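We just call them A, B and C in the order they show up, numbering each chain from 1.
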Amino acid sequence: MSSQQEQIREAARAYLEGGVVSVVIGYEHGPKGQVRPAFVYEAGDVDRLIWSRECNQNLTTYLHSFKHSPRRGAPVPRVAVVVRACDARAVNLLLHEQQIERDNIKVIGVVCGDREARGQERQACRYCQEREPVIYDTLVEPEAPVKLSETPDDYADILEMEEWAPQERLAYWLTEFDRCIRCYACRQACPGCYCFECVAEQVDPHWSSIAVELPEKFFFHVMRAFHLAGRCVGCDACEAVCPMDIPLSKLNRKLAKEVEDLFGYRTGDDPAALPPLATFNPEERLPL
Amino acid sequence: MRVLTQSQLNEWLDDLATRLRLVAPVDVQGRLLYRPVRDHEAIAWGYERSDMSPKTWTFPATEAIVTIEQGSETQINDAPPPDPTVIFGVRPCDARAALAIDALFLEKEPRDGRYAELRDATTLIGLACPEMWDSCFCTVVGGLPNGTDGLDMLLTELEGREHGQSYAVQVLSAKGERLLAGVTVQDRDVALPEPKLTEGLPTLSPSSEWKAAFDDVYWQRLGDRCLACRACTFVCPTCRCFDVRDEVASRRPGHTVFERLRAWDACTSAPYRRIAGGHNPRPTPQSRLRNRFYCKFMYYPDDFGPLGCVGCGRCIDTCPVSIDILEVISDVARLAARESAEVRA
Amino acid sequence: MSKVYTNPMKPELATVRGVRDLATGIKLLQVTLDDAAAMTRFVYEPGQFAEVSAFGVGESPFGIASTTARSEVIEFAVNRVGTVTQALHRLDVGDKVGVRGPLGNGFPLDEFKGRNVVVLGGGIGGAPLRPVIQSILDNRGDYGKLSIFWSARNPDLMVFTDEYEEWRQSPDTELHLTVDNATPGWEHSEGLITTLVEGVAPSADSAVTITCGPPIMIKFAMLSLQKLGFASAQNWVTLEAKMKCGIGKCGRCNLGDQFICLDGPVFRFDRVEQLLESFV
C-alpha cells in the first residue's frame, strides 16, 4: 500500500493527464515548511502535493472560486479537491444547495487520522464519526487502519455552557468577541458562507453598522452562526483561521446540537437527506 | 545618557495614567493588544511583538468624523476633540508605519484635520527591540529594530543590569521632552546595546522592477489560495483604506443624530471595488491581492514617498493560507532577475 | 491659541433650490450652499464632481452638470440606483443636503481651443458632458467643429432633451442621437453609439474627443475612435469608481497608482492605457 501522499499524487496525476480536471486543489509545503493550500494545474507538478497531520484547512471553500464560467462561452471548470471526512460533508452541502455540479468535481477523499491545528490536536477529530469521507471519486486508504472514535459527539462542552445562566453566557461571548477585529477570515474560510453580499456588509437593507465594535461583532457572529444552523459541517476552519483565537466552533456546535436534537440531522452525512432549514416539507410537524 | 530604572518607569507610567489615557501592550485572552491601562501592572512586560499594532490609536478602527443633527434645523458638527493619549511600548516599525500614514493624511493635500488633531493629541513612547524576531524584516524596508523615526521618545533595555531592569531614554521631540518633565531620571554613562539583526534577508526590488512584473502569471498563482478576508490588512500597521457610512447615533421623535463613521476596510475583500451597477474592476482574489502588494511597494511610495510596509511581519503570522510578504519580495526579485536575463539573452 | 483643524470630510450645508425630471429615474437637483462665502468659493470646471450627502442616508459622488457662467445654482443629475439617490429623489425645494467639493480635475478646455471637439455621452454619462458643451457654445469662436453623439438605452433615458435644439442651432455643430432600443415615435438612430460614431466617422484631424459613460462603453468607444484614426492622446475620458472620501485618502478608487477622485476623474486615454490595471 503506497503512502497516502503517494496515492494523492497518483490520483492528481491521473486526473490532470487525462484532462479530467483543469486543477487539483490539495496541500503543499511552503518554503518555510508550513502547510498551505496548493493549486496544481500541470501533471508534472503533482509532486508538490503532500499529506501530513497539518493538512487541516477545509479546501472545499475554494470550490466557490471555480463554480462559474470564467468568461462568456467558456465552460465551468472541472476541479479535483482533496478532502477529509468533514470536508466531504461540505461537498454534499454544496451539492444540496446547487452551488456545484457533481459532474464538475472529482473528490479525492482521504481516510484521515487526527489532524493538527496550530500545533494542537483538533477537537473536531475527537468527535469524528466517519474518518472515511461520505463522498469520493478516489478513496485514499490509510497505511494502517484508522481508529474510529468510540463514542459519538456528546456535546459535553456545550452541555456545560448550557448550565450557565444567560448573563454568564452573554458575558463569556462578549469577552470573546471583544478582541474580534471583524476581518471576516472565519466567513471566508467557511464553505457554507458564499453569499455574494453578506448581511454584515449590505448597504440596502442596512442591517449592521460598519463599526468594528462589540455590538456589531456580536451581531456578525451570532447572525453567521444562525445562517449556518443545519449547514455547518464542523470542520472548524473558522476557528483555525481566526487571528484572535476566538472559540467559534462552540457557537457552531451549539447550533449543530440543536438541529440534531430537533431534526435528527447532521449536515452532509447522507447524500439523500436534505438540510432541514432549507427544506419545505408540508408533512413536517415539530413538537413545540 | 538619561536612564530610568524599572521602578522609576512604573511610577511615571502610573502617574501618566491618572492624567491622560495611557495605552500599552496588554494580554487579552492570550493575544497581545494595545489597550488603555490604569497602571503599569496591567502591561504585558517582556513582550516581543504585539498581535495588533497600535495603529487604532492614531488611526481608529472606527471613528465618527462628523455628526449630523436633524431636527427643526439641520446642523453639521465636528466630532468631539480626541483625548490626550500616550502610547507606551511602541516598536520602531510601528512608529515608522504611523509616519507612512502621515505622508498621506497630513502631507498630501488636502490635509485631514481630524487625523491631524488625533496625531497631535498622541505621544509615542517607543521600546527598542533587542533583536529581530521570527517573521520580522524591518531592515529589508529601511527600518531598524532600534530606529527612532516617528517616536517622541525611545526606551532601550540595558544589559548587565544588577538592580533590575533599566532603560536608556532618548528624547526625540518637544512632545517627548514635555512628557518627561519633572520625572526623576539618572544620568549614566552607558552604551546603547546593538540589536541582533536577522541575516540572509532578501533585498527589496525598486518600483521599476515591480512594474515589470505586474502581468506575470505569478500573481494568478499566488492569489489562488487567498481567502479574500481582511486579516492581513487589519493587522498591518501601515494599511489605511477605509469605508465611510452614515449611522444613527440617537433617535427621538423629531430629532435624529447621525454619525458619519470612518471604519477600516480592505482592498482584498470582494465588495471593496464594486461600483454602482455591480461592475468590479478587481473581481478576483488574485487581482486584489496583487493590488495590495503593488500599493505597498510601488503605488504608495510613488505617490506619497514612504513604502507601505515596515517589515513588522504580522501579516506573515496571521495569513491563514501562508501568503508570505517576504516570500513575495524574494519572488519579485527573482522575477526581475529572470526578466533581465531574458533581455540580455 | 488652539490650532484650527480643517476637516475635508465635513460637508457644507446646502439647500435644494429646484428638482426636475430629466428622464425616467433621473432628476436634476439644484442646490446652493448656505454659507455665502463658501458658495462664492465654490468655483468649478466641467468634469469636476462633488460629494452630495442625503443626511442620515449617506454620501455619493455626482458629476457637476452646470457651469458657473450659466447657473447661479449647482446642478447634479441624479440617477436613482441606490439608497442615497433614492433619498435625493424624494427631496423638495427647501430641503437640506450636504455638499463637499468641487473635487477632482476638470476637462482642459483651454487645450481644446482651436480644435474640433467630438463628444460621446452614454446615458447618465451625459451629465458631466453637458457643461462642456455649454462652455463651448458660450465661447463658440474658440473652438472648431463640435460633433455631439448622445445615446441611452431607450428614449425615456435620454438626458437634457430640452437643450438639443440649442445645441443643433449652434454654428458648425452636429448632434447625433441613438438609442439601444427604440420605441414608437423615435425618429433617430437605433443601435450602439459606437456604430453611430463609426458611421458618421468624424475626422481625427486637429480634433479631440471626450467620452463619458459606463466603463464598457468607454472601452468600445476607444476602439471605434482608434479605428477612425484618433490617437489615444486625442481622447479624453471620465472614469467611474466607487468613490467614498473623494479626496484620495480612503484608497477605494485607485487604478494602479492613480486615484480617480484626485488624479481624475478626467484622464487622457493614453494615460489610462499606461496604467498597470485595466479600468474595465
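Operating definition for what follows: a contact is a pair of C-beta atoms (placed from the backbone, for glycine too) under 8 Å apart; a residue touches a chain by one contact, two chains touch by 3 or more.
Predicted, not measured: the structure shown is a model, and the values here were computed from it.
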Between B-C and A-B, the pair joined by more C-beta contacts: B-C
Work out the mean Cα position per chain and let me know which chain is farthest from subunit A. C
Gap in Å, rounded to a whole number, between the CA centres of subunit C and subunit A: 47
Please work out the Cα centroid separation of subunit A and subunit B, and write it as a whole number of Å. 32
Chain centre separation in whole Å, for subunit C relative to subunit B (CA means): 38
Where in subunit A do residues touch two or more other chains at once? 203
Junction residues of subunit B, two or more chains touched: 243, 245, 265
If I count partner chains per residue in subunit C, which residues reach a count of at least 2? 58, 82
Within the complex, subunit C is touched by subunit A residues 203-204, 206
Taking the touch rule as given, give the residues of subunit C at its contact with subunit B in the complex, in rising order. 3-11, 13, 53, 55-59, 81-82, 96, 98, 214-216, 240-242, 244-245, 247-252, 254-257, 259, 276-280
Which residues of subunit A touch subunit B in their complex? 30-32, 34-39, 57, 61-62, 65, 175-176, 178-179, 181-185, 187-189, 197, 201, 203, 209-213, 240-241, 243-245
Going by the contact rule at the top, pick out the subunit B residues touching subunit C in the complex. 65-66, 68, 70, 74-76, 78, 104-105, 108, 110-114, 116-117, 120, 211, 214, 240-246, 248, 256, 258, 260, 262, 265, 267, 272-277, 279, 281-282, 287, 291, 294-295, 298-299, 302-303
Would you mind writing out the residues of subunit C in touch with subunit A in their complex? 58, 82-83
